[in-house]
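Both complexes shown next keep chain A, but they swap its partner, so chain B is in the first and chain C is in the second.
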Partner chain A sequence: MGDVLVSARGLEVHFPVRGGGKGGGVLRAVDGVDLDVLRGETLGLVGESGCGKSTLGNALLRLVPPTGGTVTFDGTDVTSLDRRGLKEMRRRAGMVFQDPFASLDPRRTVAQTVSEPLEVHGLRSGRRERAARVAELLELVGLDPAVAGRYPHEFSGGQRQRVGIARALAGEPDFLVCDEAIASLDVSVQAQVLNLLRRLQRQLGLTLLFVSHDLSAVRHISDRIAVMYLGRIVEIGPAAAVGADPQMPYTQALLSAVPVPHPAKERARERIVLRGDVPSPSAVPSGCRFRTRCPYVFEPCDDVDPALQPAGAPGQLAACHLHGVEGTPVTETPEGVTADP
Partner chain B sequence: MTAPVLEVEDLRVRLRTPRGPADVVNGLSYTVGAGETVAVVGESGSGKSVSVLALLGLLPARVATVTGRALLQGEDLLTMPPERLRQVRGPGAGMVFQDPMTSLNPVLTIGRQLVEGIRAHGDVSKQAARSRAADLLREVGLPDPERALDRYPHELSGGMRQRVVIAIALSNSPSLLIADEATTALDVTVQAQIIDLVEKLQAEHGTGVIWITHDLGVVAGIADRVLVMYGGRCVEDGTVDDVLEHPAHPYTRGLLGSLPDLAAPAGPDGEVPELTAIPGLPPPPTDLPPGCVFWPRCPVRADPRCETEQPPLAVVGSSGGALPHRAATWCAEEEVPRG
Partner chain C sequence: MSIQPTPGPPPGQGRGGDRPPETPEEPPGGAPQREAGPAAPTLRPARPRWRETLSLLAHNPTAAIASVLLLLIVVVAFFDDTLAPQGANEISVADRLQPPSWEHPFGTDDLGRDILSRVILGASVSLRVGFLAVGFALVVGTLIGLLAGYYGRWVDDVLMRFMDMLFAFPAVLLAIAVLAVRGPGSGNTALAIGIVYTPIFARVTRASVLGVREEVYVRASRSVGASDWRILTRHILPNAAPPIIVQTSISLAFAVLAEAALSFLGLGTQPPNPSWGLMLAEGRGFIELAWWLAFFPGMAIFLTVLCFNLLGDGLRDVLDPRQRTQMAGSSRAAATETGGEA
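Moving on to the complex of A and B:
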């Protein structure tokens, strides 16, 4: 661990909104993200629905084109890659999707699904070599290689997710984005897949971006955690520090809302219930974007868009004026433009 | 405690499926007192949803055979004529489903859907029903309730929609509220708001609540009593403290071990310990094992009867309280608090 594998600077993904309602017709799904994913780490990306975490994961893999900023993958600018460069990057960066029912082609066997990346990237020549590699991959994810000839409908959700993971690993990637990869699974099966992902990450030296709304799962699997709110990363740091001593009021509220399965602790726990709903990403508040719901809102929050700054444990950063007013004054920049990295 | 709101006795549901008869609920018995919250816990396919749909007569009669007794304030829901059941559903038992978008009609305004429910169960003028509807929306914390009445479901956020569904379920002040994964589709901060709301309304109206969920964290916070379902059977029940802090059934222990703990301290190597996942999958209801339903996945299997003989729900431990802690297993583990 140490050096940076994937890096985003001032990353923006804005979508035009038809009808041009409030907000001038731009939905700011990702709105000025600076993020480094370190080689060999598992970075958990958490946030509530609509915060832009999936779009950010997709933008890092160039599955959606960024409208601003840069993404580099192992030192190369992803946004300017040509076809060949992009293809090589696709091999080195895989994706595991949320819904194991929708992300597998129902008319292709497991073997066909898992061997496609091998064919596309010319990784194994010859049918026999590919079949051997498919068997190896299936075994790696805990499936019996004998199931290679079966179709997705013959599998349970957890088994399908294993097939999806085998496919993502086929190209021997360095980087894996898991987008809500356990969200549609039952609790006991979630644990199986979480254990599998962690084991694979160790065994293969993978760099993992684990995108999820499930804070407990993220806390369990991650080395570091990044918290997203309305298109921006508002806190990032070592998993233990963010989990135990969050520095940004939003993270505090989010963590306090997670129920724990211990009745005595749960009854004693103080929940911070936030007022209202998350503002629409097409009408992001000026200044601090959390100020409309923040229990600590004070004078600079309206006027200065907070930058991530050191707070709490070493390596922990929070975008909050409670740790010193730092950031971009609203008057000097148009709304939504971020501070320089 | 006064007479229970709901008494379920030996509830069984058999469904006709292309793969043969499926025994989805196999002899479930429990009671819900006034103001009490009973959590029914289990994974997909454990029979928890079907068991409450059966109570309210919401399973298609062509495929479902329901037997047993289910007394709602003394009246048996399972033998009730359909007209009577329809009368009972609103003021007797309200239901909140998982997905607020599919339980609301997308082409009718919120107001019409609320007014419909209110007028179906009482001789109320449209005007009076509408003002009652606005009151209900205010009670569930919807901002600007008068205007919300004229809105359509798609104009509201998920949390707001679920508040509307709760308002509809409560519109006839039911004595029993059934919430089937009511907060599963919601974000945690919104979930916290909804749980607070239900608890507040329950305290005010003395409603008995059946809360169906797979989320043991939610259970720890809201339940008085817990019933753990697996393979259509109750495998463990008792007070929330007994079941979650001293789980006796290997399945309950496995389920709790599967949960990543937000507050888990890192081990000496700086790592959070691995989860003790339950291997394998639940048995299909068309092909339940002859002995203990959990036997095929069980890591304990300490008794020769496990494979062949169905264990009865028997008292475990020595809780001594008014409510016994029971588990259906041949291998009840000693009362060791979980780690």
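Moving on to the complex of A and C:
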């Protein structure tokens, strides 16, 4: 722990949007993200659907080209890598995808899928060596090596996701992005895959970016948690601190929505219900991007975009004017807040 | 072409047609085989995709009959010299314009040539031109469609506008133009028809690639560092193939027809070589006097074209992924998962 493996500075991914005014606008999927992923840690990235967390995960591996800012992977600038450098970077950084039914080529056997990184990077020469490595990888993810010759449609969702994990691990990566890796699995299988990931992370010393909208899963697996809202990281800190004492009103609302597995506590649980919908990422509000739904809005929120600043526990940062900036909370809803952006 | 089993099925296993209904790899028979795997895991698929396609095709009666007939026609075309009772140009003036009889089952033409022999010998000409033409269109068109669909942007614009230009020409006119430049003959006929059909393959391929390009497994392959070439050949082409295969089968029908039409117009195969279209043209003058001159080559064209079309329809059904899962997906037992995580 301590040194930074992957780092984003002012990372932006803007997509052009057709229609909607002349010339079309831009959709700010990722809009100025500063993020450090420390070597050997598991960083959980949470947020509502559409907040840009998957795009961020993809942009870190340059699977989506960033439109601004930089990404460095182990000291090298990813955004300016040539073809060969990019290839090596992709060996060292793997990705596990959300939908295990879509992420495996239906016409290729498990062995062909898992051995693709080996062939691409020339990691094992010869059929036999590759087959042996594939068997090793399948065993590592808890699959019977005998299934190597089978096609994806013969497997269940959990088994397919294991195949996807085996593929991601084939290049012996340092960094693994799990993009909603458990979201489309049955709940019982989710726990299995989650534990598999945690075991692999420890066993192989992986650095894990665990992207998910499932807060309880993220709390279960992560060392640190980053919360994303409308393309920006609004709170980041140690999992225990963010989970127990969130400093950003959005995180507080998010956490209050997680059911507690204890009937009495669950009944007593106080829920913060946010007003309205998430503003469209193609029309981000001025000032603090959360101000249209925040129960605590006050003067600076309208104009000043808050930066991440220390709040709460050591190592915990929140982007909120309640921490640091002077001002008086307003009781009345400021005008224009409820109007559609 | 697509109906012939490619060489090398594992020994001991029958071909598609011999298989019992549904999937033969039921747990009792299949499991022990697979359990032998762990010691020496293999990269070979347990059951290749094309074999599944074949066994599904065998259960589609029309497609199965069409395949068998086509196979027969191909075999006849291949062994035409041995099978034809007479040479193509053995003239016997005494026997001219004989109606069908035991001696000449399809009758004889105005020069006393045996029609059956000429139909058999013409099969190889017609089919060769068809296969060559479609082969050309398939290779060139698929390549263009792959590049246009995968790279998009200006590559797509340039390639597809060029295809549109070819497409805008009336097919026969374009073929006539090619033949006018290069002169008649079967080789040039094949080239002309091939050029006419190239845009169709380019379009079908491009459309199919556009769908496959966005698949997550393509992104997954890129995420492990695969090159464009690898992604195109290993992932996109195989998954984009079904409509191309169907198009191939249907185009073969049209190519045989086109060859007949061009020969009929005197631009394709030149006399005295036998070709179905040419025989049709030559028989036209005798249609009231001796119907068999035109009838039998016409039937040969009809049957071949019909069979290619029926096979195309059958392939379309069989290769449709949704139907495929209905027919085959459910019948296979899922793999066993070893030790769950706890």
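Here is the rule we go by: the second predicted complex is superposed on the first by the 320 of 341 C-alpha atoms of A that agree within 3 Å, B and C clash if a C-alpha of one lies under 4 Å from a C-alpha of the other, contacts with A are read in each partner's own complex, and residues count from 1 in each chain.
Everything that follows uses one rule, which is that a contact is a pair of C-beta atoms (placed from the backbone, for glycine too) under 8 Å apart; a residue touches a chain by one contact, two chains touch by 3 or more.
Please read all numbers here as calculations on a predicted model, not as lab measurements.
Participant: With both complexes superposed on chain A, which partner does A:192 reach: first (chain B), second (chain C), both or neither?
Facilitator: In the superposed model, A:192 contacts both chain B and chain C.
Participant: Is A:130 touching anything from chain B or chain C once the two structures are fitted on A? First, second, both or neither.
Facilitator: The second partner, chain C, only.
Participant: Tell me the contact category for A:263 with respect to chain B and chain C: first, second, both or neither.
Facilitator: A:263 sits against chain B, while chain C stays out of touch.
Participant: Which partner does A:120 contact after superposing on A: first (chain B), second (chain C), both, neither?
Facilitator: After superposing on A, A:120 lies in contact with chain C but is clear of chain B.
Participant: Quick one: is A:216 in contact with chain B, with chain C, with both, or with neither? Answer first, second, both or neither.
Facilitator: Touch partner of A:216: chain B, not chain C.
Participant: Of the two partner chains, chain B (first) and chain C (second), which one does A:87 touch, if any: first, second, both, or neither?
Facilitator: So A:87 only meets chain C here.
Participant: Taking the superposition as given, does A:271 touch the first partner, chain B, the second, chain C, both, or neither?
Facilitator: first
Participant: Of the two partner chains, chain B (first) and chain C (second), which one does A:254 touch, if any: first, second, both, or neither?
Facilitator: first
Participant: Counting residues of chain A in contact, which comes out ahead: chain B or chain C?
Facilitator: C
Participant: So which bits of chain A does chain B touch that chain C touches too?
Facilitator: 156, 158, 191-192, 195
Participant: Which residues of chain C touch chain A in their complex?
Facilitator: Residues in contact with chain A: 34-35, 37-38, 40-46, 49, 215-217, 219-227, 230, 234-235, 238-239, 321, 325, 329, 332-342.
Participant: Quick check on the complex: what are the chain B residues that touch chain A?
Facilitator: Contacts found on chain B: 43-44, 143, 157-160, 187-193, 196, 214-221, 223, 240-241, 244-245, 254-264, 266, 272, 274-279, 281.
Participant: Any idea which chain A residues touch chain C in the complex?
Facilitator: Result: residues 61, 63, 86-88, 90-91, 94-95, 97-99, 102-109, 111-112, 115-117, 120-121, 127, 130-132, 134-135, 139, 142-151, 153-156, 158-159, 162, 164, 167-168, 170-171, 191-193, 195-196, 199 of chain A touch chain C.
Participant: Please name which positions on chain A make contact with chain B in the complex.
Facilitator: Per the touch definition, chain A meets chain B at residues 48-49, 156, 158, 186-192, 194-195, 198, 213, 215-217, 219-221, 240, 243-244, 253-267, 269, 271, 273-274, 276-277.
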